[in-house]
Structure formats: structure tokens, C-alpha cells
Amino acid sequence: ADVTLTVESWRNDDLQIWQEKIIPAFEAKNPGIKIVFSPTAPTEYNASLNAKLDAGSAGDIITCRPFDASLELFNKKQLVDLTGLPGMENFSPVAKAAWTTDDGKSTFCVPMASVIHGFIYNKDAFDKLGISVPKTQDEFYAALDKIKADGTYIPLAMGTKDLWEAATMGYQNIGPNYWKGEEGREALIAGKQKLTDPEWVKPYEELAKWKPYLGDGFEAQTYSDSQNLFTLGRAAIYPAGSWEIALFNSQAQFKMGAFPPPVPKTGDTGYISDHPDIGVALNAKSTHAEEAKKFLSWVASPEFADIYANSLPGFFSLNSTPVKMSDPLAQEFVSWRGPYKSTVRSTYQILSRGTPNLENETWVESANVINGTNTPAVAAEKLQKGLDSWYKPAK
Amino acid sequence: MSETDNAADIVPIKRPVRWHIFVFMLPALIVYSAVMVLPLIETLRLSLYNTVDGQPAFVGLANFKVLFGDPRWARDFWNALVNNLIFFAIHMCVQNPIGVALAALLSVPKLRGVAFYRTAMFLPTLLSFVIVGFIWKLILSPIWGVAPWMLDLIGLKFLFAPWLGQSGPALIAVSLISNWQYIGIPMMLIYAALLSIPEEVIEAAECDGITGWAQFWKIKLPLILPAIGIISILTFVGNFNAFDLIYTVQGALAGPDMSTDILGTLLYRTFFGFQLQLGDRSMGATIATVMFLIILAGVSLYLFVIQRRMRRYQF
Amino acid sequence: MGSLQLKSIRKSYGTHEVLKGIDLEVKDGEFVIFVGPSGCGKSTLLRSIAGLEDVTSGAVVINGRDETLTPPAKRGIAMVFQSYALYPHLTVKDNMGLGLKQAGTAKDEIEKRVGKASGMLSLEPYLARRPAELSGGQRQRVAIGRAIVREPELFLFDEPLSNLDAALRVQTRLEIARLHRSLKATMIYVTHDQVEAMTLADKIVVLNAGAIEQIGSPMELYKRPANVFVAGFIGSPQMNFIAAEKVGDHSAKTIGVRPEHLTLSREQGTWAAKVVHVEHLGADTIIYLESDQCGLLTARLFGEHQYEPDEIVYATPDQAHVHRFDVDNQAIR
Amino acid sequence: MGSLQLKSIRKSYGTHEVLKGIDLEVKDGEFVIFVGPSGCGKSTLLRSIAGLEDVTSGAVVINGRDETLTPPAKRGIAMVFQSYALYPHLTVKDNMGLGLKQAGTAKDEIEKRVGKASGMLSLEPYLARRPAELSGGQRQRVAIGRAIVREPELFLFDEPLSNLDAALRVQTRLEIARLHRSLKATMIYVTHDQVEAMTLADKIVVLNAGAIEQIGSPMELYKRPANVFVAGFIGSPQMNFIAAEKVGDHSAKTIGVRPEHLTLSREQGTWAAKVVHVEHLGADTIIYLESDQCGLLTARLFGEHQYEPDEIVYATPDQAHVHRFDVDNQAIR
Amino acid sequence: MSKARTSPIRTGLVHLALSAYTLVALFPVFLTIINSFKDRASIFREPLMIPTPSTFSLVGYQTVLGQGDFATYFQNSFIVTIVSILLVLLFGAMAAFALSEYRFRGNMLLGLYMAIGIMIPIRLGTVAILQGMVAAGLVNTLTALILVYTAQGIPLAIFILSEFMRTVSDDLKNAGRIDGLSEYAIFFRLVLPLVRPAMATVAVFTMIPIWNDLWFPLILAPSEATKTVTLGSQIFIGQFVTNWNAVLAALSLAILPILVLYVIFSRQLIRGITSGAVK
């Protein structure tokens, strides 16, 4: 009889693509193995997955969140060590970092996709107002001022209601330019830098300057409000993650472009957040480990990378073999990978292991800073204090 | 009841075993104990354990010490508790009085369209919190503009603010949404209680000149006091367990700046984890235990003090 | 200040007509008693007067004003319910005082009136109890007390004394009579007790199946019942009805003789009969007879008499008190 | 098959003692009536016999077995409640049939018995109605019907006829008497109606404030009341009590004369008195007198008599029926 | 009941108040429904307009209904909800009767024990429950859900029903006892029919969280064959979904069945009231 593998995932948006493209492609090549993609709402995913793993009723293939969430599962021996999986060699150590133990010895998820931060803009609006794409911080503010003065468009489509929008699309988006990407991030982890250092406070100071350019009542503006504001043509610039591309393509009635986070001064090295987001792992309790490994190897193949990245523009493959993107906007995002230095989100690795959770705190403080309820300095101090309370960097 | 009132004190003769009591209790006891109580005890037990050097170990009350001793845990906890008390107070002052009032209006005799009113007013209670959260976020959204537009209609647009995004009003706004959703519960319970008041007692009051409001206050209200007791305790329990609505409206971090964080959201965040925050079953169970003790105190107060004093009238 | 007129009151429950056109005039200060068989509509009529029941047609005129649509509270009435309808959550005292309190009566006035009423009804020991802790008779007295403390112009009593013992009943009856005199209030009263009806009423209304059979003073009804129904209903034990032709009277269909208007003799008399059963009530003796000529007869004798079943006796009707009815059951005068 | 013994039954509500040690022996097939003032504990005693009330001490022995702790359902009794306690959600028919159905009686047998009972109680037209749609008297009849269809050995009736009209009351009373004879069931019956008590009972139990004052046959109680309380309680209007010394009798504290044992004369007699009030009941006339010597007196005359208030008359007691009581209010025999 | 007791002004005011609140209660729902029938742009531009021919669109419904086997989902939801309600009502009423009718040692404590269930969210016991279900082989069966919901509903049912059962007249139950009814018969034939309004209330209260629950279907029965509606439609309410047409359509669709269930139960309530209100 056929072996059926169940894939646990939070990506319910991808259900159609799995059913129509990915699964048929795999099943065609691997008769006797059936795949069922069984997604859960993202908000419920971690909790329900943990419960199912603990009770032993989870699916064979587990979609992995990056960094600690999955590491925890591996440490609990709920995920299988995939270091030697055929196909793993297709990924660079950086790509695998999000799903590798701290000592770098074991990898337990096949990297599937990353997302890149930047800004998506309304090309029609830029053309109408005669604005060119800003390269530096100053040009960025000049552009915003111009849009604001014109009044047709809300300069920046972002709200603070959902908190994470402020942190992810704001802080993590522009931050790497100031803390110099991996350099700063590693220094922070090593305890050589502190969140109260200027490199880390500066992004907050920039964020604080955004307030006047946001729409009325941005405090209660939700993430989907922001998306709608932009796609309905009411806002000019959208601080984005690349995952928006597919949706925006289908909804926006105007031409769009993208630009990477503007650098502080002309000639500065640019940094982008190219963040590993999705991986897949093997449930240690799976009764069909062999078949599942077959599937995982296939996920690690360039073939999968091509299908996936092109069906889901904005989710970029982490495969070493470059994928040719057919979507221009996606191509624009991925094209930054060369000239700009990639880094992952600063709070994801190691630093959010304790309580208080640095990522959560960053959400709260980013929103506070934009709302003006906390000054950048105070916010930074709070974050550092929280971190100090439990994090002792290895000396 | 009366038949056994004084049995214990005086008649020394043993009464035969009343097997029917066991039979009545048994199915509920079994299902409830097996599927609910045992798993919950299993969970609450975790509050006495924690991971020490990667191994689960018995730590006694150490988790509680952390919760109340560690300034950050304590801050979060007290913040949630205070917010929860406000949340509860708003329910008691808004939801329950309005619910009682609506039930009283619905029970006005010979009123046409009662079934429609009742269904319409109960509809929000039927909705899942997903729907409620979604709709109200939209209505209160400054972008979608329904609320400002409506305030504009009555010339009060200047009153509008992005309430859900401001730390002061957010808690009140969420509480009011919750009131809107759950008003059907007091309404239904009180309605059922009002209907069980005998017609003749009301008629006697009519003849006595006790009509309208006075009739409600002096005759009906005392007779439905037990039902009001129930809705109060249900509100209390419900509010101290609430989290769904805040999760959907304000997110797991109960923003802005934790201003809408209540015990339920704190517990769920801690227990199940959130985003990068890993679920901490031990601390979660610790919070759950504290919440349980708070609620238990409230319920015991009700069961052993209030309910015992409250007179019930058999009709 | 308490006159009442009922103008062809009709009341149906669904298709079932309970009141079939009641016309009645009650003068201010009158004491009117409704009697009639169980289920004939007495309570319904009383409730219609109170405004608790919507009449299907007709008008209720109180003090000359049409009050058919006035709410009960505004009709200035007090009512004692057949089922008492006490407020279960209030003490006896508060049950009685609530109406007054609502009307804004001064505290000490309330105190005084409740005190008076509870004295009158021997309720003092129970003032602090709640209805659930009272016996049936005690509850009934509280219901009466609640009505009388309010001293309205129009009292409606629905069988107020039915659960009281004889002594208390006499006492309460006298109190109600006194109340009637002292307040000059109009009272409408439903009872099944013949003694109550005869002693209290200025006017008795005999109802049957939703219609009025006769209205008159107690002695009028006793002495000159308008028809067979009233003749049979008023007086206990019931009047004896004899087919007129059996006793050779051809001018009537039926003749009626009340048990108290039969004299018995062992020697001689009009109708020979056999004793069937004897009831000794102490003050009276009721003798049930079987006669070939007249069928079953009941005789009531004052004092104690010894008759044994199966004895043959002779019953003689008191000719001055023989009632005669025509084929339509109407009295022949 | 229906004997009952009560052995020093006591019952308290909190500190309030309602039954103060009741001893009673009821033989199989006897008809026992409880009378007593309102609140004296009649209903409580009946409920204790039924097992609905836990007695504080004492024993209930039915058919020789101690059943103090037997649940009511197993005592083989039927009971009519003072508050009727009909099942509001069932029709009249189902109200009556439920007990039988529960006992597994065959459908047509239920049908038959319910049919018979409802015929006896004139309830046929109401069989499909619910209690809320019935008049007070109809509800009471349903309650009686519910008890009698079950034909148990022991019947308990709590004022079963108080809401019925005179005719129906007589009829139902006779039905109960017939039932008693035909079923040979033991019946315990609470009533306030003297006629019911006198005519139905084999044995009357007079209760007062939770204790038994006297047990005896109706005529025994009427003729030889054991004490002032019983003398006053049995008989209506109440016995006249006169301070013995006022009338020159020094061997007693009080003497009692029933109203029916006073004769009136305008010319001469033992006690001169002034007429205060006259009640015409048709068959009887009650005359209230005020005498300097004896205080208030009530006289009951058979038939109609014309006396006017303020007239002076002479009342003469029937010496054969004068009751005499000592300082302890006990009868002197 | 009497016309004389209802003045037109008072009735008018009552209607005014009730209509006003009805408006408040219905407005958001109304908003959801009208917008679910509009195209995306007009949802945003004119949220308060009812759909016109130019803005009318069924795209949301097409998306939703095209996704998954909704007939099966509905069937599952109905089975789970109705069976659970029946069990909760039966078991809960039985226990409530025992607790409210009889005095026995430990009555209060037992009452408190049964109330614990309303004090701790059952979700916390998820892991143990799931382990139990795995052990019993009940994962991905509707039975698992029914068991959990029954256990979850019982405490509240006991709490509410015992309060209402206390108001049933003792005389009435005693009349039943005299009539030879066993305690069981008294419960089923007398008490249950008389607390019908409360039973209907409990049924409705029990139904809401069951119907709307996402968690246990997700954990205990996520398979395609056992999915409930709520679980089936949750894919439209993900974090990154901005397909408002689909969201609004899914929400509108989700309102309907529970409304139907409510109407069924509240009709029971009305019947309970008209048959049992008066002695």
C-alpha cells in the first residue's frame, strides 16, 4: 500500500501551491508515497505542534520555525538529526545556521525559504510626484516630505497596532545598516556590544522620525490595514517583507517597485535582512522515516527550490544553486543579495531564549518608540536590562 | 431538602443507602474526572517542577518564588492582575446591568417580536471570538473608518481616537467589545429566571399598585437574585480565564505596551509560547495555579458564603 | 366612591366562552357576593373587574368612569387571590406593607395599619416569617391582611376564608363585615360557604356557566329562588326536587321543598319513606329518605334525633314553603 | 392492611416545636379526621405520616412495621396536598395517570380508573387541559382524583374540599365516604368544615398547638368535650362560655351552653339579654345577645325568626346540655 | 394577561430600547454580511454601503467553498455539537439534581469539585488529554472531541441547572414521591420538564464554545474526515491573509449554522416556558 506522509505546517496560504504543484511533482517521481499537506493557523501552530509531538500524534514531516523554537524540539529528541541527509550539501552553512545546534555539529531541518526586508513603493505615485528611488537616509526623508506635502498619498503604510509590524518591518528592516549586519549581531551575542550602544539605538531614533509620515490613527492600524492602504493605492511606500509580493501582485492595480533600506550616507555599505524563515524536519516518531527522508532530500534539491520559489515569489530559496525568478519584484529583492550584505534578524538566535523574551520586548518597544510613548534611549535601556537579567554571554 | 433537614442532629437511626445519588452523580463524575480533572491536575503538578540542567526535577515552590520574586515576572503578573480586575469591573458594571435590563424588557408581558429581539441580541454571543475580533477591529479601525464616520453623523467625530492602539483606552475598548459579545449570557439567564416567577405574584403586585420599575426592583429583582449571583460568578470566572478575544484583537502580546494583558493572555503566552518565546510549561502551570487559587477563592466565597445566605424561593 | 357597573362582559379563552355577557350594577358601599359552581367563572369575573384579565367585549365602569382599559394599579382596588399569591421573598409584615410603602404612606402609619390588620387576623407571632414558613390558613390570612391594610374603595375577595377553621372563619368574617361598615368600601366577594354568603352579603349574585342566574338579597334567594338552579344552589343540604305530577300537582313541572321544611313523623304524614342514612351533626340531624313517590328526600331536623336505617317514616312538607317550577325550570310565583 | 400508629411524634423547625409528642392509633379501615386551629400542625402531622417530613423524634408504624425511615413512595399511601401540587406540565389526565403509569399498570386499566375518577369528580371536560387552565375548584378536584385513582391502603387528605361549592362538596364528600366503604381503605383527613368532620369521621382528633386535645367519635366530642378548647372548637357557632360564679354555680369555673341549646322567649327565661345582631341563614337564625350576667351569648334557632336589635329577650339554657368545666378547663363529668 | 396592564407609551418605550440595542447587536454582523458580497475595493472604500450591482461580488464565497469539503465539515460539527450537548445536558442535569435535591455528606465539597472545571481552562490539560486519546486510540475520531466537550460542558451545566432545580417546588416532587415515582422518575418526568428553560439556556451556552472551538479539533481530530467547520474555515484567517472577501465570506457562512442551532434550542425554551410556567 501507499505510504502517506503528513506535513505539519503553519503556511495555510500555501495550501494550493502544495496541492497543485509541489505534491504532484514529488508523487510523480516517487510512486508509493503520498503526501498530505495539513496546515494550521500560524497563531496556533507552535502550541498545537508541541502538544502533538509530546503526545506522539504529530505528522511525519514538521515544518520548522527558525532558530530556537525548532532547536528546542531537536533537543527534546523530537526531530531527527538530518546532518547527513543526501541533499544537505546543497546549502551553505549560513543557510543552515537557523536550524543547526549552537555548536554547529548537527542540522535538523532542511532549509526551505528565506524572506528579505526592504521597501515596496507605488511606482505610479513616485512618477507622478517626480520622486526617484531613495538611496540614502536623507533622500528617503526628502521623498517622504514630498509625498506628505502633496497630500494625495500617505507617505508610509505602517501601523503599530500589531506590534510586530513595527519591529519586523521597521526595526529589523533598517537596523542592519546601523549595526552592520552580522558583525553587530554576533557582537551582541558575544556580549561585545550592548543594545544601548549607538549602533543599536540609532535605528530607534530613525523609527521615531517616521511618526509624522504614518497615516491617521496608525496606533490602531493593523497589519492588514497597512497592506490594504498600500494595495488600494492610498499609501506610497510600504516597509515590506518579500513575502508580500505574491499578494501585492494580485491586488495592486498599479506598478510597484522595491528598494533596499537606505544607507545612512552615500557610499556606506548596505545591509539587508535576508532571514531564513521556513525549514522542514523529520518527526522522530515517524513510522515512515525512510520515505520521509526521500521526501526531505527532494526538498533539498534544486528542482524543489525552483518550483517553490517561483510559485511563491517572495520566499526565496536558500539553495546554493541560484533560482531564476520570473517575477520582476521578487527578482528585484533577490538581486540585492549580491551588492548588499545579508544578515538575519538580530533577536532570533540565542537572544530570545530566556524571559523576558528579547523578540517580544522588541515588538513592544518598537511600537512604543514610534508611538512616542518611549524615547529610543529608554527603549534601548529597557531591552538591555531585560536581556541582562538572564543572558550571560559566553566569555 | 426539608425531608432531611434535621436528620443528622437527632434521629440516630441510619437511613438506608441512597443509591440513586450515586447513579445520578456517576456519569458526570466519570467523564469529568477522567477527561478534565486528571489532565488538569497533571498540568498543575508541573508548577512544582522545572527543568534543572536539562532534566525535569521537583523544585517545590521555587517557581512561585520566581513568579512573585523576580521583578520582571512579578511586574507582568501584577500588571495582568490589575488589568484583569479592571476588565472584570467593566463587565460587572456594564455587561451585567445591561443584560439584566434587556431581560427585564424582554419579559414585559404581551410584547411583540420578543423572539426576534432575543435572537438578535443573542447573536453576538453566538459568534466566535475570531469573528468578533475581526469585525470590531475593522469597525474601530481609523482606516476603514466606520466608527469615525458614524461619530461624524452625530457630530462627535472629534471624540474619535485610535482607541485600540492607545494604552489608556485599549483595555476599556476591548472590555466593551467583550461586553458586546457576551451580553447574551446574563440576558438569557435572567430571562429564564424572570419567566419562572409565577404570574399570580406579579398580578398581586399589579393590584397592590407596584408596577413598572418599582415592580422590578421590589418583586422581580429579589426573586431573581440567585440568578444574578450566578451571572456574577460566571462573569468572574469567565473574565479571569479570558484570553481569546484579547488574543485576536490585541495579539498575544496584548498591546500596546502590555496595556491589555490579563491573566489569561499571560498564561497562554507563557504556557504555549509565542513566536520566539518557547512555551514554558512549568511557569505556565505556576501562573495557572495562581489563577486557579484566585478563582477558587472567588467561587468558594460564592458557594460557601453568598449562596448559602441567599434565599431561594420555590414557586 | 366605589360604584361598579359591568356592561355585558364577555370573556373567552380561545373558543371556550367563560363569561357570557355579565351585566351587573354594584352601588357604592354594597357588599356583593358571587356564588356559583366550581368553574362557572367567578374568579374570571373578579379578575376582569380588577383588570388582570382582558375582557373580550363589554365594559367595566368604576365610579362612573369606563375603566375597561385602566391598569389594575390605577383602579383603586385590593384583591385577595384564591391562590394567595404572596410575595415569597418578603416577611409577612412586608407582604402587607409593600403596597402602602409604594404609595408613599408614612412609616408609622404603615406600622399602625399592619399592626391593626395582623391583630385582627391573629398574625402577630408570624410577622417576621416568610410565606414558606406558614401554614395554609396563615398564608390565607396574610393575603387578606395585605388587601385590607390598603383600605381602597373596592375590595375583591376570592374565597378568602376557605382554609380557615370554623372559629377563625367566624371571627374573620365578622372583621370583614366590620371593615365593610367602617370603611364604607364596596366589596365583591367569592365564596362557597353558604353561611358567609347569607350573613355578609347585601346582594348575592348566582352565576352558572358564565351567566347570571339571579341577583338578590340573601333571604330573597332563599325564599324566592327564580329557578331550579338557584333553588338548588342556595341552601345546604340542597332543596328536594320532586316531579310535580308524582304528587298530583299539575300546575307545575317540579316542586321543591327544602330539607328544613320537611317534618318527620313515625306515625303519619304526606309521604311515606324509608330511612336510608342518618347524619348527626350535633345541632342538627340530616336524614336521607327513599320514597316510592318522590324518590330521594333529605330532611333536616333541629337537634338530635334517633332514626335507624330502614325505618319507615312519614315526611310532611311545610306548605307555606313549597316552591313550584314550570317546564322551563322557572319559579311559578 | 392499613393500620397506623404514631408514637410520640415530635417535630421542630429550628427551635419552634410544631408537634409536641403525638400518640395516635388508627385501626385498619378507619376514617380519622384531624381538626384544629390554623397553624396547629395538622398538615405537618399528615406530612410526617407520609414520610415527607422527617420527624424529629418518634416513630411512624404502618401495618405494624416501623416505617419512620421508609421513603414515601414505598409507604403505599396517596395524598392530597393543601396546595394541590399538580404537575404543571401534564394534562389533567396525565396528572391522574402518572402514578399508575409509573407502577406499570396496563394502559386500559389506567384509562378506566382515570375515567371513573374524573366522572365522579365531574372532570371529564377538562381531561386535556393543563392545571394553569383550570379554576381553583377544578384543580382541587384533579388533586383528589390523582389520589383516588391509585387506590392505596392509606389515604391522606389535606383540606380536599375547601375550594368546592356546596353542592359539589356534598357530592364529593359522599364519594369519599363511598370510596372509604368500598376500598376499605384507611383515611386520614384534615378539614375545617364541621359538617365534613361530623359526617365522615369514625374518629375525630382535635389538635391544638401541636398536641392532641381529644380523640373521639363525632358525637362524643359534641356531647362530651373533654375541655374548654374542644368544646369551643367543635360546633358552629361556638359554644357560649359563661363564668360559673356569675350564674351562681360554684362547683365549676366555667359553664358552657351551645347556641342551639338556648331557647329564647320574649316573655320569660333564665337570663335577660339585649339583642345585638341577627343573622338570617334561611334554615336557621343566629341571634347575638348581650347580657349583663353572662356577657355575650349566641343563640341558634331553627327556621326564621324575627328579632330586632335592642329588643330584650330571655334566654333559657337546656339544662340537659349544659357543660361544666373546672379551673383547669377540664370538663367535669 | 391584560391590555389594561400595558400602556401604549410604555410598550413604545420598551420597543424603542430593545430596537436600539438590537441595532447595536446586529450592526457589526450586518456590516460583515453586506461586505462579504462586495468586491475588494468597495469593501474598503464604502464599507457602509449595501452591495450595488457594480460592487456586488461573490468571489469570497467562491474562494471559501472551493476550499475543502464543507459538507463533511458541517456534518462533523453538527454531530460533535449535538451529541456533546445532549450528553452535557443529561449528565449535567443528573448531577445537578443529585447536588441540589439531596443533602448528603460532602455535598458542598462535591459541588465545589464539579465547579473546578469552570475555573481552569481545559486547554491547559491538552497534553495529558491528547496522550490519553492516543492511548485509547481515539485520535482523529469525533468521539475524542465529544468526550472532551462533554467534560468541558458539565461543570457549567451543573452550576446553572442546580440553581434552577432548587426553585422547583418541594410539594410537587413530594406529590410525585407519594404517587410512587422513584427518584429517577421524579427527575425525568417532573424536574426535567420543569427546568426546560434553564436546560435550553445551558444547551445554548454549551453549544457556543463547542461550535466555535478551534483548538481541540486541531489537536485531536485534524484529519480531513473529522475536521469541523471552524477548523476548516480557519485557513482564511491566518496571520498573513488579507483576502478580505474570503474572510468575510467565511465569517458570514460560519454565523448561519450556529444561528440555526440556536433557534432550534430557543424554540425548546419557549415550549418549556409555555408548558411549565404555572402550577
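Every chain is named by a letter (A, B, C, D and E) in the order it is written, and numbering of its residues begins at 1.
We adopt the following convention: a residue touches a chain if its C-beta (ideal position, glycine included) is under 8 Å from a C-beta of that chain, and two chains touch if they have at least 3 such contacts.
Everything quoted here is computed from the prediction, not taken from an experiment.
Think of each touching pair as a link: the shortest run of links from chain A to chain D has 2 of them. The greatest centre-to-centre gap from chain C, using C-alpha centroids, is found for A. Looking at which two chains touch through the most C-beta pairs, you get B-E.
The mean-CA centres of chain A and chain C are about 91 angstrom from one another, to the nearest whole unit.
Here the spacing of chain A and chain B, counted between their Cα centres, is 38 Å. Work out the mean CA point of chain B and of chain D, and you get 55 Å between them.
Annotation for chain E: residues 1, 3, 5-6, 44, 126-127, 169, 174, 182, 214, 234, 237, 277-279 touch two or more other chains.
Residue positions 43, 228 of chain A are each in touch with at least two other chains. Across the assembly, chain C contributes residues 51-52, 71-72, 83 that each touch 2 or more other chains.
Residues 10, 12-13, 15, 36, 38-44, 48, 51-52, 54-57, 223-224, 227-228, 231-232, 243, 247, 251 of chain A are the ones that touch chain E when the two sit in their complex. Against chain B, in their complex, chain A makes its touches with residues 43, 46-47, 50, 67-69, 72, 75, 159-164, 215-222, 225, 228-229, 347-348, 352-353, 355-360, 363-364, 367-368, 371, 373, 386, 389. Contact residues on chain B toward chain C in their complex (touch as defined above): 198, 200-201, 203-211, 214, 218-219, 222-223, 311, 313-315.
For chain E in complex with chain A, the touching residues are 40-41, 44-45, 67, 126-127, 130-131, 133-134, 139, 214-215, 218-219, 222, 224, 234-235, 237-242, 244. Those residues of chain B whose C-beta lies close enough to touch chain E in the complex are 1-5, 7, 18, 20-21, 23-25, 27-29, 31-32, 34-40, 42-44, 98, 101-102, 105-106, 108-111, 113, 115-132, 134-136, 138-139, 144-146, 149, 180, 183, 185, 188-189, 192-193, 195-196, 198-199, 206, 211-212, 226-227, 229-230, 233-234, 237, 241, 243, 264, 267-268, 271, 284-285, 288, 291-292, 295-296, 299-300, 303-304, 312-315.
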